[in-house]
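Each chain carries a letter (A, B, C and D) given by its place in the written order, and its residues are counted from 1.
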Amino acid sequence: MVNTTGKCFSVTSFGSSHGKAIGAVIDGCPANLELSEEDIQKELNKRKPGTSNISTPRKESDHVQILSGIFKGKTDGTPLTGVVFNKDQHSQDYSKFKNTPRPGHGDYGWMCKYENYDYNGGGRGSGRITIGHVIGGAIAKKLLKEYGIEIIAHTKQIGNIKSREQNFNTIKKNIEKNAVRCGDLKAASKMEDLIISKKNENESIGGIVEIIANGVPAGIGEPAFGKLDGDLAKILMEIGSVKGVEIGKGFKVAEMTGSQNNDEYIIDKNKIKTTTNNAGGIIGGISNGMPIIIKTAVKPTPSISKTQTSVNLEKSENEEIIVKGRHDPCILPRITTVTESSVAIVIADHMIRSGFIPPNHL
Amino acid sequence: MVNTTGKCFSVTSFGSSHGKAIGAVIDGCPANLELSEEDIQKELNKRKPGTSNISTPRKESDHVQILSGIFKGKTDGTPLTGVVFNKDQHSQDYSKFKNTPRPGHGDYGWMCKYENYDYNGGGRGSGRITIGHVIGGAIAKKLLKEYGIEIIAHTKQIGNIKSREQNFNTIKKNIEKNAVRCGDLKAASKMEDLIISKKNENESIGGIVEIIANGVPAGIGEPAFGKLDGDLAKILMEIGSVKGVEIGKGFKVAEMTGSQNNDEYIIDKNKIKTTTNNAGGIIGGISNGMPIIIKTAVKPTPSISKTQTSVNLEKSENEEIIVKGRHDPCILPRITTVTESSVAIVIADHMIRSGFIPPNHL
Amino acid sequence: MVNTTGKCFSVTSFGSSHGKAIGAVIDGCPANLELSEEDIQKELNKRKPGTSNISTPRKESDHVQILSGIFKGKTDGTPLTGVVFNKDQHSQDYSKFKNTPRPGHGDYGWMCKYENYDYNGGGRGSGRITIGHVIGGAIAKKLLKEYGIEIIAHTKQIGNIKSREQNFNTIKKNIEKNAVRCGDLKAASKMEDLIISKKNENESIGGIVEIIANGVPAGIGEPAFGKLDGDLAKILMEIGSVKGVEIGKGFKVAEMTGSQNNDEYIIDKNKIKTTTNNAGGIIGGISNGMPIIIKTAVKPTPSISKTQTSVNLEKSENEEIIVKGRHDPCILPRITTVTESSVAIVIADHMIRSGFIPPNHL
Amino acid sequence: MVNTTGKCFSVTSFGSSHGKAIGAVIDGCPANLELSEEDIQKELNKRKPGTSNISTPRKESDHVQILSGIFKGKTDGTPLTGVVFNKDQHSQDYSKFKNTPRPGHGDYGWMCKYENYDYNGGGRGSGRITIGHVIGGAIAKKLLKEYGIEIIAHTKQIGNIKSREQNFNTIKKNIEKNAVRCGDLKAASKMEDLIISKKNENESIGGIVEIIANGVPAGIGEPAFGKLDGDLAKILMEIGSVKGVEIGKGFKVAEMTGSQNNDEYIIDKNKIKTTTNNAGGIIGGISNGMPIIIKTAVKPTPSISKTQTSVNLEKSENEEIIVKGRHDPCILPRITTVTESSVAIVIADHMIRSGFIPPNHL
């Protein structure tokens, strides 16, 4: 079940970049949630390529169909299946990588492991398979909304350009106003310029995505190997281009002292809060009622139109290659939705596991 | 099964800081591995407190007993159970925290979740429960050694003091020579001074641990939710004080371009290698045969002998507290073994899952 | 993951009787197995209704499409998805059961559990969802064949008509020659007559299916909760109409003594065998190299065209109902393939778990 | 995790017949359940040997200790560990079976699988390991009692002597009054005589255990591979000597027609019931609110003091053996508690999974 994530709310992902279809089966979503294809489509549209000049010019319609799990407009407690049939695929571009792994891509490990490796568009190693994440995440988000939980992801940094701190509502509003989905409009403009300059250099650039979950109650997450932060780190690190995950202050804790880092408790209008949120809403693996704050490091797109050295595995000799094709010079604008979806899946799972969202019964 | 980790090589952890015992059941270790209590004890001794002036003065003998799974000095394929009976516990120290969660500790979330919360020594939220990790990890390490895999963890940074880059063998040798388990002896000396100065200020300090796994073959790890980096991030983030996990370059990728970050392939003495190892040995969730390199951010010990504000949950009012007791001013020297164990558990699991280590059969 | 079965070779099933589609995602099938839609279709054809006068006259084309997991005619180690789009569904037949559960069907429990219950054709409680089992089983059977394992299921008894003992090859040949898939042609003819007479009485009739797996090596299955017989019993009992499962002598052991029941070991042509096979090839939860023999009790189809008493849940009053429609007077001929598939899934899973079939790696 | 059963309420079993200890870790039991060692001990006493003349004369004190999971007399939501240290073991009896598998025992498959097989007392293949089941079951039963669910197991048949039908309360009362734990006192007396006569013949005898669960609400169990009857069949078939499992009418359905087998619904004092309970309380994999009724076929104890043929695997030649030792001539009296425990574990798990028993949270 390695293509399945989640214990009570689970997502089983399938499909490859240039195969017939990509999709996901979602199991454990409680019955009686209103759900339509449109709910999923609007999330898929956010990760869809070809929507701006900083994204790949590939057009992928990515139209989702729900094959199961809905009765009279509502979930009926049985597995939900969402499928996107592949269309605008150009498999001829990839045959030259059949025996020559592209640097920065998973090709080599996959070739070693499976021998029969679908090299077209990266096969199942392609970022395109995160369509399954977004299908699952769209359902999770709809479910969580009923319980007052809202999750947003925004581009926090691209290259050396950093977004200034903004509050939740500002970020939520601003990310819809710019192509990089940055919460700070000034930084967004500079980020766009940087991406275009890198594109013109046949280069790509990395960045940082921040995800914030508001409204999560204190008490979700379980010791010692079912911790909320553990499950979040796992699902985010499993996104192809993510190389780091931080909760709250993250790596900054290395230089902090106990009194600087500890969040003190106070009563504020009969609610218990912490004065700071260095812990990012999770402590001892369990939520404490404060906003959950996560950062992920996203690497530069490995597909670049520059000559790189690789090895032809058939001939057992070094070979120079150029990865042509229509690639994103920066994947962050599109990956934000994937991280948002991933976090939603984990939180939905833990909300059910901890009894805050009742599972199916009388 | 939230206290269980691993699919084929699994560890089920139990026990609490001041309860009768702490231990772990290890399931799926192949039969015919020579194993003694001494193999586990020597790893436990590394995380044992009270061994130097930079650690807590608490003496905990932490003597392990194997209750099951060994026949004639070898594993017999049945579950291995290791137990440490608790001894030097001072439960009277903790009753004042019964209703008042300690800042920086998991108390508040645990109180919310379980109501009947064992506040003595942090109960099951205590760092002491990582004894279970080390029992599991000691067995995993012994098993992996048979397959040429070696894992070491070392203190990379404490506060603003950073270890210089060292090669694997130097690190391996040096960590046994200093109390902080740092691979760079000069840095180690400064780190010790910093820890002692923080201790004298009634403070604590954070840092960074790096874990290196050598000898892992290309081809372990599975798409899309069974990825090797995902499982590593999860188990490390589940260690109480860890707030960030990086693979390879980690957060540095944010400022890198594609051509800077991509690792190029070459043939070197008939073996395929990458010229750089920015990916940290894992790409697309699957190992590529290069050393696996991981960093974790460890927060400063939350128990500090300073006045802090908290809330008395019974009285519903703010309350000042001081967390006295015998605490580590810096947890890194002892946590290195826990991270090493955690990584070993995940790699042993994936080695079996990918068929490199055969499971039990004729 | 309640719609998923299997640990290393796993099947995730989705869909409902009258929804858009029914299918399954198969995860963990090793790469490099030749596989086509035809391999699955020929198994589906065996469970397809409308093929003889003893089956429902409903015509269901049940044409399978593979959406993922195949590259160049072979599995590539990624999830295989098989889908059958529903066609010949008459949903108007079922609206009268919206609030009135049909006796012998799962309706009532499902209504209690999910509230929003798809009553059309029994929704996901329909026998039609075993299409997912057959998709998974067809792949498992193809895989097992490569390792010399063959599984057949045959109708052992219908009503009081019992098949005489036959050897494996005779059964294999005979089941293709009669509509009830019975291994004894004489009994088959009587069974057909009985089924038709029950059909004419607006009745249905139960029976017993026997499944035999030949070629399974000694040493698959795991203690104490991963036993081979346990997993077989589970997957078979999960087929809608199955009410009993026996391994080997089954319930006959109640009246046997130790010396009658124990299978003695002998060496036969350098191979270790047992003189009898009362254990049905599994002892202590682990295969012993003898043929695996299982029986399942299949209840009479609950849909009968007779007046039955039920309760209108909306009106809270008793209500008489007749379940019209085109139903099988005896489900055994079609269920044999489902039991065969189910057993194949479990054995494939355990062959991988025990290392007899290598998982994906270099 | 093959020695673990259950998804939300899970039991991890460890230990072997003649090793240091046998025990279980129970994960997922909600906090705040009053629980003492005595609660577990009284269940263990029921399966303890040496309590009557129809059982083995071996005396095993089987004293349980709880190592973790209790705080102030109540569960605290963390893993519960129960351990019994082995005592009255005579390992010298077994060395002659080192290379010669005992007929009817799991020895041969285990030897094939693990090579390093603990042959003393059957190692982990021994019935003694069901101590772990009983520890888990005792906790499950205590938990279920709080929710009005009561489970009893009784000896329904031994050899050809059958217990007459009795109601739940009579069975519950009578099983405490006779050594075979039969619900019918007249039959019990005949059963005891039969067992003693078989013992005098150096033989053993099989039988049938029936388990009844009262008070289970409608709506527990999940499609399609998380069905309640599937999980019950699995856990019962995993008990060493069980060779068959039936729910409700079981194998009798083979000869029944639809109108004979279907249970009709009626309203009785504002509650929905069925007029008959042929389904045994589970239909479509989900409980329907009627009593759950299960039967298991238990084979005659394989250890008999008669000469049997086996194979010396080292010498590769046939060898006659006699299994001396102090064995139960009939295991049913002691196994009833194990079946009761197993059913309790599954029902507790599904009660939590279906939300009838809330998991741990605020």
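One rule holds for everything that comes next: contacts are C-beta pairs under 8 Å (C-beta built on N, C-alpha and C of every residue); 3 or more make two chains touch, one makes a residue touch a chain.
Just so it is clear, the model here is predicted, and its values are computed rather than measured.
**Student:** Let me spell it out: compute each chain's centre from its C-alpha atoms, then which one is farthest from chain D's centre?
**Tutor:** Using the mean of the C-alpha atoms as each chain's centre, the farthest one from chain D is A.
**Student:** When I count C-beta pairs in contact, which pair ends up with more: B-C or C-D?
**Tutor:** If we tally the C-beta pairs in contact for B-C and C-D, the bigger total goes to C-D.
**Student:** Could you grab the centroid distance between chain A and chain C? Build each centroid from C-alpha atoms only and quote it in angstrom.
**Tutor:** Using C-alpha averages as centres, the distance is 38 Å.
**Student:** Would you kindly tell me how far, in whole Å, the mean C-alpha position of chain D lies from that of chain C?
**Tutor:** Centre-to-centre distance between chain C and chain D: 26 Å.
**Student:** Taking the mean of the C-alpha atoms as each chain's centre, how many Å separate chain B from chain C?
**Tutor:** 46
**Student:** Which parts of chain B, given as residue numbers and ranges, touch two or more other chains?
**Tutor:** Within chain B, residues 1-4, 7, 13, 78, 112-113, 124, 218-220, 222-223, 354, 360-362 contact more than one other chain.
**Student:** Given the complex with chain D, which residues does chain C contribute to the contact?
**Tutor:** My answer: residues 1-5, 11, 13, 101, 103-110, 112-113, 124-125, 129, 132, 157-160, 198, 201, 203-208, 218-227, 229-238, 240, 243-267, 270, 272, 274-275, 279-280, 282-289, 295, 297-304, 306, 308-311, 313, 316-318, 354.
**Student:** Across the complex, what residues on chain D touch chain A?
**Tutor:** Interface residues on the chain D side: 7-8, 78, 217-220, 222-223, 353-356, 358-362.
**Student:** Can you name the residues of chain D that touch chain B in the complex?
**Tutor:** Touching chain B: residues 1-4, 6-7, 10, 12-16, 19-23, 25, 27-28, 31-32, 65-72, 74-81, 83, 112-118, 123-124, 360-362 of chain D.
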